[in-house]
Amino acid sequence: MIVVMEKNATEDQIEHIAQRVQQLGLRAHVIRGTERTVVAAIGDKRGGERESLASSPGVSDVVPILAPYKVASREVKPEPTCVSVLGFAAGAGAVGVMAGPCSVESEEQIVTTARAVKQSGATALRGGAFKPRTSPYSFQGMKEDGLKLMALARQETGLAVVTEVMSTEEVELVAKYADVLQIGARNMQNYRLLEAVGGSGKAVLLKRGASATVEEWLLAAEYILNEGNPNVMLCERGIRTFETHTRFTLPLASVPYLHRKTHLPVIVDPSHGTGHSYLVPDMSVAAVAAGADGLIIEVHPSPETAMSDGYQSLDFQQFDDTMQRCAKVAAAIGKHLH
Amino acid sequence: MIVVMEKNATEDQIEHIAQRVQQLGLRAHVIRGTERTVVAAIGDKRGGERESLASSPGVSDVVPILAPYKVASREVKPEPTCVSVLGFAAGAGAVGVMAGPCSVESEEQIVTTARAVKQSGATALRGGAFKPRTSPYSFQGMKEDGLKLMALARQETGLAVVTEVMSTEEVELVAKYADVLQIGARNMQNYRLLEAVGGSGKAVLLKRGASATVEEWLLAAEYILNEGNPNVMLCERGIRTFETHTRFTLPLASVPYLHRKTHLPVIVDPSHGTGHSYLVPDMSVAAVAAGADGLIIEVHPSPETAMSDGYQSLDFQQFDDTMQRCAKVAAAIGKHLH
Amino acid sequence: MIVVMEKNATEDQIEHIAQRVQQLGLRAHVIRGTERTVVAAIGDKRGGERESLASSPGVSDVVPILAPYKVASREVKPEPTCVSVLGFAAGAGAVGVMAGPCSVESEEQIVTTARAVKQSGATALRGGAFKPRTSPYSFQGMKEDGLKLMALARQETGLAVVTEVMSTEEVELVAKYADVLQIGARNMQNYRLLEAVGGSGKAVLLKRGASATVEEWLLAAEYILNEGNPNVMLCERGIRTFETHTRFTLPLASVPYLHRKTHLPVIVDPSHGTGHSYLVPDMSVAAVAAGADGLIIEVHPSPETAMSDGYQSLDFQQFDDTMQRCAKVAAAIGKHLH
Amino acid sequence: MIVVMEKNATEDQIEHIAQRVQQLGLRAHVIRGTERTVVAAIGDKRGGERESLASSPGVSDVVPILAPYKVASREVKPEPTCVSVLGFAAGAGAVGVMAGPCSVESEEQIVTTARAVKQSGATALRGGAFKPRTSPYSFQGMKEDGLKLMALARQETGLAVVTEVMSTEEVELVAKYADVLQIGARNMQNYRLLEAVGGSGKAVLLKRGASATVEEWLLAAEYILNEGNPNVMLCERGIRTFETHTRFTLPLASVPYLHRKTHLPVIVDPSHGTGHSYLVPDMSVAAVAAGADGLIIEVHPSPETAMSDGYQSLDFQQFDDTMQRCAKVAAAIGKHLH
């Protein structure tokens, strides 16, 4: 890191910082500019304790140089990671599509949907059984019954099952039925939960928090990876900005940016990322064109009667059209839907 | 809610919406404007199922009219709630101050700090034992040992103990030692945890999520209140915006806004809200002037050697000066520090 | 618009609002809900004077129903507008590409670049002569000399010339040399300038302000259209959010959203939208896939010696590769680069 | 600045950067860390041309060290600037209050308001004659007639006149009548206009752009200061964030932050900063407590019939109450309303 001193910092203050840097186990290198002195601290520590220097007398600013994540970094593992479960694969050229309803509502709903999305080319089935809802008055999901129905749909179709786990005490139960554990945006920094799914042995889909920086997101992945679980997929689902015409703002540039910084596959969620079904098809195609390793799309047999998220769900025909366009664009850039 | 139809919506589509509204248990009232038809849906349902109308054919937009929260609403309980624990009180005219280190680090650190902040006028001691850290490589807190030291400091000073609980399985343990359970910003929408602290019988300090809207925040409070726990304090600690000269952006207008919408007391955290110790005193005073019912301030015997958040912690002298200024401003607007 | 009354609004207050609505030339329609009364105001006024109702006693909120723009609206003109100048065309199926340096620096630089980008498929040449710079200490552009060099490059290549105009008093001069007048993001709400380019007879490229809502942007277009100039292109160039790994956040969902709301063509600027040359190719392709009617891309013979924006400029080879990928993706979705 | 190299940067790339730094007239200092090499570039250049280094091969990031502004900097002029015009003063301990309607509407309106706000303690009269309006269909102001009425109100009351100028060609006209020229938020980066008011000899109130960083704002001030005009006041009027319960988000921490970075006085606009008249009083008081050097508040004889911004305007009684509270809080922190 670089410690930038105030313009009028005294020699004693500069000397004090150099000593503090050494106490932290780093080498100090003092550079005197025409207007400012800076102290470069050399070494590979990443712990937050270094931030304390920012409060030392005479210090103007502390600028980190090293990325704070390690295991997730492309510098550590240059080749891309491919996460594959049953017929689903994402990363290293494969573009995997997860599709299904926001909430599991009934056997007929989930099995019909599973068959339809498989027919259109999806290789994983998404569906919510434990639902984190902003309002306590909203439908909270079918819980274990929902998980059983998803497992049944897998049996019928062979699709991998992706579903959210909301709490440490539910990890074991959800892992019994699901192939991919989803960490929702609200729980991206629920560190106990990250540790728990890290230890579950299941692949994890880690959604980006609505106001998480890319660094915070990769550090959340690092919590999972550090438990010995290498099968982590990052899911860009939009960030919160001043825009109101979309539910969230979907910053697709995070896809090529992440590909430069990490080896983990990047999935895009155009359903939450836009919040309007009429925007989902174009943004699905754009995500594939931006290099996404996968998509997760909300699909429902009858969006206007859905118990949740109907306004952003595609019906079967819309999903099928979207998949055909995605397949063409994937082919145009030398990739294939998996 | 108001369902706004597309300009070219057909009579069939309008009729269909009117029927859907009635199926949802609401009364439909069709209003034909010069350019648009709108369907007013009358009744007091607040469940998310209504959102599905937004995906019906011919619908342009759905505008909610009722606030989604009930129990937290000032319409339901017009008189302000005062939360009081030991010598601490916040709300209904009382301005309570919680102060202490980001992390509990040792007996000497926490007891010395407790004595100092009490001397300056604080009535509660904050301190972290279970620490949610962005990086897995940062100090994670002293855990139960930290809780014990806080309890010891309470014994020495009589200050109420405020500390964060990160996970449902830790609620019982933390509640054994603490007087106020803090829900951190990252966990504001961890609904299982909200339910658990709702059932703990302890007062709760609910920090605002960094990108939570006020409605989402009040709905999170509603999860706690609905478990039968009325002692909920809201803590404004800043939101994430494009500003980089502060760690977060502290929107003090949320204080008078919340006072209009809810009876719950509103605490302000100028430490996280600014992220720089040199901004904390002025923003503490401003928060009191804006009508805050309390403050939570990070104080450390030696900020530059703190194991976390040193850059935003006050030392004892700075805290004492800040308290004196806050007391004067509180008096100027007819309130008192408690 | 819908005026939502407070829960405890009196009959007098409701009656007062109904009268105020009528005074504004609208019809009032009172709807009594189970918890709230709302007053629907029927008519097609769009002036801001209606906002004053929000301050009347007993009023909780005022919700607009009509979009505030008219001439730009797709409701008024359902068929898409195609803007074409010399060999360049954007809209109604054509995808036009503008490319060139941030700043015109010399005859050799601009002519060489013009030839190279034409060779790769661009049909318009961008280049800055009057440069709006955040810092007064940065290069401010070659001014009229730069315009002359662009005109020369047009003569050599036949490319249409696109350049920014910063001030009303420069409109005439810039219009003498340029084919398309660009309004920069900083000037999106410089209403005198919008009126001036509206009266210039030249096509206009209207960049989105960094924190402009889509409605504000369309209203800015409306200022130009209302001067009788139908040749307005909207340019999405990214918005300011908390993200720091990109210079701005490029919200491609605005492309399909705008196509639904307006007939005007939508151009995407992946150079400013990302701020890093290594992100530009993927985001160019993604923009085409999202349905953009055109691209504007910074290209420089030697980005590392550019006098401005080198960090986000492509060199000739990178631009050529990008164009080839864009052409393939355009073909895959049934469009063509123009 | 500090040029951070990629982990795998070659010796040739490092050498190339060191040479480029020297070509830019700076001294290069290479520091080899355990994981990264950085090149410190020493010297006081602030021009944007340095940014081009970010595109050189092997470069990961370029971190600026020096603030980009000079004349506005507190490092250059440590003592605070006080701007005073007629009876108004702001800065160096004085807290000046500007008050008046959003738009000048009639002689009676403006003169009555001038008398009322003077009575309550304001020393300057604000009022809009040239109005920048988001919609072309909104009231655009009385233009020169409005200026004449403000001058008349000054004659009647002695209050200094503050009004917005929107365009270079209107600077001379507006300067004929006004004492303080206001640059609106939309024009904060209209550099020709900044230069024009810089040369006008009048004091300037420079509003912050809704998405301007503090650095961009100070650089805009620098454009004015560099024309030889030292009488610049910065006006914090709120930034655009995801919050929707306020019109903008008013980040009061910018007040103490600016006091640390610049000698210029900082005015706060709680009217635009909140957008709701019921939030203005508390935020006015909070702004004074945060250390603001002045306030600018919208006041109208009858807000609900105002031609613009009625929803955020105080009536005379509300303004008088607000001023009394502000005066008490100013006294409590050792300052006085001027």
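Per-chain residue numbering starts at 1, and chain names A, B, C and D are given in the order in which the chains are listed.
Rule of thumb we're sticking to: a contact is a pair of C-beta atoms (placed from the backbone, for glycine too) under 8 Å apart; a residue touches a chain by one contact, two chains touch by 3 or more.
Owing to the predicted nature of the structure, the values given are computational and were not obtained by experimental measurement.
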Inset, instruction - Call it same or different for subunit A and subunit B: same when shared residue numbers make up over half of all numbers used at their interface. - result: same
Legend entry - Farthest chain relative to subunit A (centres taken as mean CA coordinates): D
Inset, instruction - For the pairs B-C and B-D, output the one whose chains share more C-beta pairs in contact. - result: B-D
Inset, instruction - Round to the nearest whole Å and give the separation of the Cα centres of subunit B and subunit D. - result: 30
Legend entry - Computed distance of Cα centres, subunit B from subunit A, in Å: 26
Legend entry - For subunit B paired with subunit C, centre-to-centre distance based on mean C-alpha positions, whole Å: 38
Legend entry - Where subunit C touches two or more other chains at once, by residue number: 211, 239-242, 244, 276
Inset, instruction - Give every residue of subunit C touching subunit A within the complex, in rising order. - result: 211, 213-214, 239, 241-246, 249-257, 260, 273-274, 276, 278-279, 282-283, 285-291, 325, 328-329, 331-333
Legend entry - Contact set on subunit A toward subunit B in their complex: 20, 46-49, 51-56, 62, 68-69, 132-139, 166-169, 186-187, 189-193, 209-211, 216, 219, 222-223, 226, 239-240, 276-277, 303-313
Legend entry - Complex contact set, residues of subunit B against subunit C: 2, 4, 7-8, 29, 31-36, 38, 40, 42-44, 63, 65-66, 75, 240-242, 244
